[in-house]
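Starting off with a structure, shown below.
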Amino acid sequence: MLIDVHGHVSAPDKLYSYKANLLSHRGAHGRGGPRISDDELRAAQDAPNPSFGNASHMDHLDGAGVDLQLISPRPYQMMHSETGRLVQWFTEETNTVIHRLCELYPERYKGVAGLPQSPELDVQEWTAELRRTVTELGFAGCLLNPDPHEGTAVPPALGDRYWYPLYEALCELDVPAIIHGAGCRPPTREPYSLHFIQEETVAIWSLLSSSVLTDFPDLKIVVSHGGGAIPYQVGRFLPADVRGSNRPYMERLRSLWFDTCLYTQDSIELLLRTVGVDRALFGTEKPGTGSQRDPRTGRWFDDIHLLIGDIDWLTPTEREQIFAENARKLFKL
Amino acid sequence: MLIDVHGHVSAPDKLYSYKANLLSHRGAHGRGGPRISDDELRAAQDAPNPSFGNASHMDHLDGAGVDLQLISPRPYQMMHSETGRLVQWFTEETNTVIHRLCELYPERYKGVAGLPQSPELDVQEWTAELRRTVTELGFAGCLLNPDPHEGTAVPPALGDRYWYPLYEALCELDVPAIIHGAGCRPPTREPYSLHFIQEETVAIWSLLSSSVLTDFPDLKIVVSHGGGAIPYQVGRFLPADVRGSNRPYMERLRSLWFDTCLYTQDSIELLLRTVGVDRALFGTEKPGTGSQRDPRTGRWFDDIHLLIGDIDWLTPTEREQIFAENARKLFKL
Amino acid sequence: MLIDVHGHVSAPDKLYSYKANLLSHRGAHGRGGPRISDDELRAAQDAPNPSFGNASHMDHLDGAGVDLQLISPRPYQMMHSETGRLVQWFTEETNTVIHRLCELYPERYKGVAGLPQSPELDVQEWTAELRRTVTELGFAGCLLNPDPHEGTAVPPALGDRYWYPLYEALCELDVPAIIHGAGCRPPTREPYSLHFIQEETVAIWSLLSSSVLTDFPDLKIVVSHGGGAIPYQVGRFLPADVRGSNRPYMERLRSLWFDTCLYTQDSIELLLRTVGVDRALFGTEKPGTGSQRDPRTGRWFDDIHLLIGDIDWLTPTEREQIFAENARKLFKL
Amino acid sequence: MLIDVHGHVSAPDKLYSYKANLLSHRGAHGRGGPRISDDELRAAQDAPNPSFGNASHMDHLDGAGVDLQLISPRPYQMMHSETGRLVQWFTEETNTVIHRLCELYPERYKGVAGLPQSPELDVQEWTAELRRTVTELGFAGCLLNPDPHEGTAVPPALGDRYWYPLYEALCELDVPAIIHGAGCRPPTREPYSLHFIQEETVAIWSLLSSSVLTDFPDLKIVVSHGGGAIPYQVGRFLPADVRGSNRPYMERLRSLWFDTCLYTQDSIELLLRTVGVDRALFGTEKPGTGSQRDPRTGRWFDDIHLLIGDIDWLTPTEREQIFAENARKLFKL
Amino acid sequence: MLIDVHGHVSAPDKLYSYKANLLSHRGAHGRGGPRISDDELRAAQDAPNPSFGNASHMDHLDGAGVDLQLISPRPYQMMHSETGRLVQWFTEETNTVIHRLCELYPERYKGVAGLPQSPELDVQEWTAELRRTVTELGFAGCLLNPDPHEGTAVPPALGDRYWYPLYEALCELDVPAIIHGAGCRPPTREPYSLHFIQEETVAIWSLLSSSVLTDFPDLKIVVSHGGGAIPYQVGRFLPADVRGSNRPYMERLRSLWFDTCLYTQDSIELLLRTVGVDRALFGTEKPGTGSQRDPRTGRWFDDIHLLIGDIDWLTPTEREQIFAENARKLFKL
Amino acid sequence: MLIDVHGHVSAPDKLYSYKANLLSHRGAHGRGGPRISDDELRAAQDAPNPSFGNASHMDHLDGAGVDLQLISPRPYQMMHSETGRLVQWFTEETNTVIHRLCELYPERYKGVAGLPQSPELDVQEWTAELRRTVTELGFAGCLLNPDPHEGTAVPPALGDRYWYPLYEALCELDVPAIIHGAGCRPPTREPYSLHFIQEETVAIWSLLSSSVLTDFPDLKIVVSHGGGAIPYQVGRFLPADVRGSNRPYMERLRSLWFDTCLYTQDSIELLLRTVGVDRALFGTEKPGTGSQRDPRTGRWFDDIHLLIGDIDWLTPTEREQIFAENARKLFKL
């Protein structure tokens, strides 16, 4: 069985024209809504998408044999840096679309919430939507964007007490948060896709160098895209164990989880060797950045199940852990 | 014959999901495009719209007997205050949609261009799109937003030399500009719809108190919504004629044109009495803000042809001037 | 009888050289005072003023047959955007000058207070001067400037709770506030005189779209200059009645009062038709902006009693309401 | 004979109510003017002033036996930090008032110009008024305020090339500049009167540590109030002569001139001993800060001629130099 | 006996390479420490210093016959405007170095503390180090920098309640504070050495024009460098006694103490005459700014004991007061 | 033979106390210099350093068998975000120390320059020091910090024309630049050591997505620390090859060079597999972050030669390329 922990919703155009409208009237038309029918929702799962190799979301899942996918909002659309009220409305509508898809495809989809992470709102205010999605809509967890300013200012690091109300709610509801950036606006130098990597790198550093993991021993954090730069640069952090009196770095690192959303076998191997098979979760971001066929191999770049399949030193049990067991336990699926 | 100089395009959702996408990837996916078919364009003209009294764009035009409508971008969607490159792409795509509609409905629609008025771009750069739309696409004029910051900063007044490259291009191409605000974002206190009025008020003041009308004697400026507050407050400006040595205020005021886009007969009468019938252009903004039926009368609020029809002191010739002749001459229709 | 609710004090030069001095020593000389004698006060009422057609304040009142005028500070001199302590001193001295004039001319003048609306002070601190002028000096009300920053920053809208301490004091003392802007400094584009109009427009919008009128059912608000742009643009706000569930717009609008300080008959007629005769108060701003003779008619532009006299559809009772009765009741004169 | 190089104009209230007006209408009323009659000018010289011990300007000059006084604008009124155009108008009107006084009292007064030192204007633009006053009005020099921001920002130091256009004009016209601060606004901590001292201290440091005196060997600079802190702290700068290779500090210091505007004999003695009698100019600032009678001695604090008279080690020739000769040569009187 | 109240520590290079390191790793290496041996401390007292005329700290003390010197941190090294945590670490290490020197040279040195005056820290937090140094390390007082921003922003004046927690601690511990600036960074125009003078000038003004001396009658404040500009400019402040109702200026001024750290006899005489012998404390800043030999006299510029010796009108008792008695009582030595 | 391209200078304390002094007097003492003797330079190479496992620089080189090391300034000490003039002085002094060490140890050391990358200076001004070090001092290349603001602002990306004057100078002198961050100050969230990684990641993205490599085909760029996150995340960038028309990503990536400064064998293997053996340069940063002994293995973490030695699939020729040949050719050693 294949459980993909890293999927993003394929929503009809109406959700985004709704968003464009919000950003234009700035609330003057009231909240309104995207007014999407079930048929339109289904059509959006089956429509071939030129950005994704002209295959549909369902084509991609079927092709890779993904049995169950956790779906969350398209991160780059989350617009956390916009006006609080607008972020709130759009986030809630997006989560509602996800929920409706989970009801239409109960075997295929499980929801992961976006949070209205506007810096204009108190962190406490973000947690209302976490509660609604988990307790009322049955979602399995949420995304956590370490940079609600989307590149326009420097936020408090994840180790800062600023974030504690969210950690408290996550522990209370006993669901994981998946570290995943959102958009990235000027003045930063990087596109959103690289910003994800940079934010994951900072996020791990922020968490491991703070007392978050001690203060919240039950907090479950998944880091997307194989943990940014950290597994590759891990040697850089080990000598400090000798200099200082902290809990060993590897022990701290292995209190997090990591998805396998990397598109080369070498990198996935390095990840597994570094953080351990028991901390890795199958994740594809399908359809998404990697949804093109590699002209040299004919494979989709994001056919991560094939890359994992090619790793000869994994045992069947280990493969099963990565593909489904770890996720099943962590997300209580 | 009825020529409506104040119409805004009814575009398919795809144009706005395209916009939402631009605002999210910030250019990282490249320019792309909204990929709209002719059928989708036609459907958008005929779809009943709940925001507009459940009637379609065509229903509204037919109902009011509008023969020809000048259509421009929906102003509140123009997003001038966003990143220059994104503004440019979206403006061009919007104008292209307008052009395609003009080709599909050559008798019904005539294009009025939006300009990529990003403060990040030189005014000179805005004029390229003016030239393209007028010389290549046959547009009759353009919108001019006096506040490209959309409420987030104070722009140079329209009397400032900052705007001269645009005035030069307008004169060279011999087309009018229609003063019309765009969006309105925090920190301003007013919604975009009131911002239009405020900007028109400032625009008239800025133009009349500067040397623009002397420096560009052939410049043709139409002010939307009956000129903001000016015709109503006109008495306030007359005593200065006695104090100063300027050209008389009324003479300066009457070098501009005004549309009749006001939704009460009293106001339209005041406008006509103040600026003169020869300076008034029939304009409805249909379908738009006024597209609801007045429960007391059963009329659409924006049935401005009926309001003008009710003015008993207008001669048939004057009515004809307002309804069609003035516009025909000004826009060379 | 003619009661003019819109008059501003004619003070001796010493009041303004006092102000210039404050702005120069910034408090280093202590508060001091303008040291004006009664004779100087009287002379200032009788001195012909070249800015006002070479007639004196008294000439203007006598000429127009104004029996009683409510006088407040010259708004453009109020300097709300300066340092709090200086604003406080100058406002108090100005109100004291007004009070002394009211004592010298008890039949002719009634005081309307300026408030020390410095953004550096708490709104609560402004109300001390309101209390002093009303309870100790017998003033009939106060001015309320919606933009204490005088164009240098965006203030909270009048619907914001920021303003509530002032509304509470007004209700407690049971006196009206007259919406009237003060100065206007860069970076805005408009002169103070147009800023008045823009602020009145925003003020009405802010009040009517908020819960102020519900939270303070007894609050009495007069809007100067015939309500800015709103009566002229009123049609723009009516369709929302159909879309939303608010109290009807006209009902909300008619919970405010409006002065007739417009210098054309057409505009005054539009005002009276729009808000109703029972909501209109005779106001001239004499001597002021309109104090020049119209060369075409020989009349003073601000001879508003003549303009109202020329409106043929008003009954004698209605004229009496506008000229005196409404003001008498509202201000308890 | 007594020549007092440090006097400020006593102008009628009208000049300052004109200023208050400019700061309120911000130019909307046009430039206008203070409209002062000759009688009003004369009255201002003869009116007893409560701030100055109830004596008039002329009383003070007569009492001290001042034969000729150089009069410049009241520095704290110069408002350099306001909008450029307003500064220009007010400065020119002030200089014109000074000029008219010099014509009314040709034996008693000689003009020293204020410059429109708005940071919004180019330094080049300031020099037009220097040229007008020197070449057309016969002024003997000008004030130079090292801090045109009046405490709201940090200006370029006087050694910076920013100031060179002014130095060039001073050399070309061959007139001295008198270093004298203007107002002082928040956020600084000091009142304008102490700001003068601080600015003089920085000014001397800035000039002596730069190449100004080498680049403009003919530049004549007078420092007010005995040179701020420098003569008292002079020892602090001497050891650097040993460390570095500059021209000796005392030599550089003595290329400037200093007025005696200090109100204690000890300080004047220290000044004379430090900079030399040949670099000292009699200056009183009469009437001004020091125009109160010392209750212990009955003398006016600013009776500086008496303090100098009490210095027993000065020769008659030296006294004559200080009282008149140095000034006569420097200002070509 | 000679007690010098104005000395600064001569510390080994390691203290400053430690500081450079802090400013580079910004805390990433942890606090660490300068790791200085007693031998290195002693060597730093005995090493000839080219900046100080090639004589050592001890040479200077011996040469001048200084028996006891109060030593505090080198002010220009205190870096108060840097990150709070770094300021705290460096200040504590510097005070510890001072303490170790006092233990190595118990007859020669007495400690005066630097405080971690980072604007990022609460004033309350600064006082912990004051308590530690006074109660645990036996220090005699502390430095007080009126400008913790070091020229990069305007701090609250010393009369502001911002400073009250420090005044409270000083009174509670019954130790004096010595007013002394620290560094001076852009955008100010002056070097740190002149900034000291300017800050002392403002400090005296701020204290005397506030209620600090009334609120803290037991507060003991010493002003360095002879009080900046104030004793020289003292006449400027006396006329206000006549105008206002304050306690006489001289009385207020004489509630402070002043060191004699001026390098010319004239200035020291002026100081003594102005503030009185009983308010003057012998201070040299040796070795420091003045540690060069005057080529004309062969004396060290900072041989202030010689300058005082040359003042012929001082009695032996007065000399003794200045040289030792005043300091002994004030600092309880 | 072992050539280590990534070494940083071990300088005596005096260089850093010199730096601390510059940051304190801000130039007021003049440039001065660190005054280091040859003996002190040699001692600094041989002194055991507690931060580096109590071994000396030479111990580390000898222990690892490094024959030749390229030494550059300690990056975290470079203080690029400080005042331009101070950066210039300190950078030049540091390079001079490096040069003197190269002369003392001509077989062991080869210089790599730091540049005075202050954002206050023009990029053109930075190149003077590049020219001096390469043409006069024989240096082999320079460091290039992509973030001269050190975390306090967002700089232009390396693809921006801002950087072109530096690229031109590098090409003209035909020397490589080594991408290496400097310090990292608030408000960023990461310590300098992680900032290096983030900056390398952005640097590669900036260069490869721009036209720099086309505009400067001969430009030689080495990326430190194995290229930040890029080789690990490389799969993320490959699908774009299919979507766009760029030169293939791997081809562009392989136009850069990468050092092996990673402290785990897995990471080094991933690097070599990703960029190719011909693009890898042996680099250790010895002594530095990795200079602690791994308690599990007894090896130094930065014994990168052992890690490379353990990679069983490398041929002897490949090892030789990595260890020396690639560097020899690139740096012309």
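Before moving on, here are some points about what is shown:
Order as written gives the chain letters A, B, C, D, E and F; numbering starts at 1 within each chain.
By definition in this document, contacts are C-beta pairs under 8 Å (C-beta built on N, C-alpha and C of every residue); 3 or more make two chains touch, one makes a residue touch a chain.
The structure presented is a predicted model; accordingly, all values stated were derived computationally and were not measured.
Chains touching both subunit C and subunit F: none.
The chains in contact with subunit A and with subunit E alike are F. Here C-D and A-F were compared by C-beta pairs in contact; the pair with more is A-F. Mean C-alpha positions place subunit D and subunit E at a centre distance of 34 Å. Note on chain placement: the centre of subunit B and the centre of subunit E lie 69 Å apart, centres being C-alpha means. Rounded to whole angstrom, the centroid-to-centroid distance between subunit C and subunit E, based on C-alpha atoms, equals 57 Å. Annotation for subunit C: residues 51, 191, 193 touch two or more other chains. Chain-to-chain contact here is organised cyclically: the chains close a single ring, every chain touching exactly two others. Chain order round the ring, anchored at subunit C and oriented towards subunit D, is C, D, E, F, A, B.
Taken in their complex, subunit C has these residues touching subunit D: 13-17, 19-21, 23-29, 51, 74, 76-77, 79, 83, 183-186, 191-193. By the touch rule above, subunit E contacts subunit D in their complex via residues 51, 53, 154-157, 187-191, 193-194, 197-198, 201-202, 205-206, 225-226, 228-229, 231-236, 238-239, 242-243, 262-264, 266-267, 269-270, 273-274, 289-295, 301-302.
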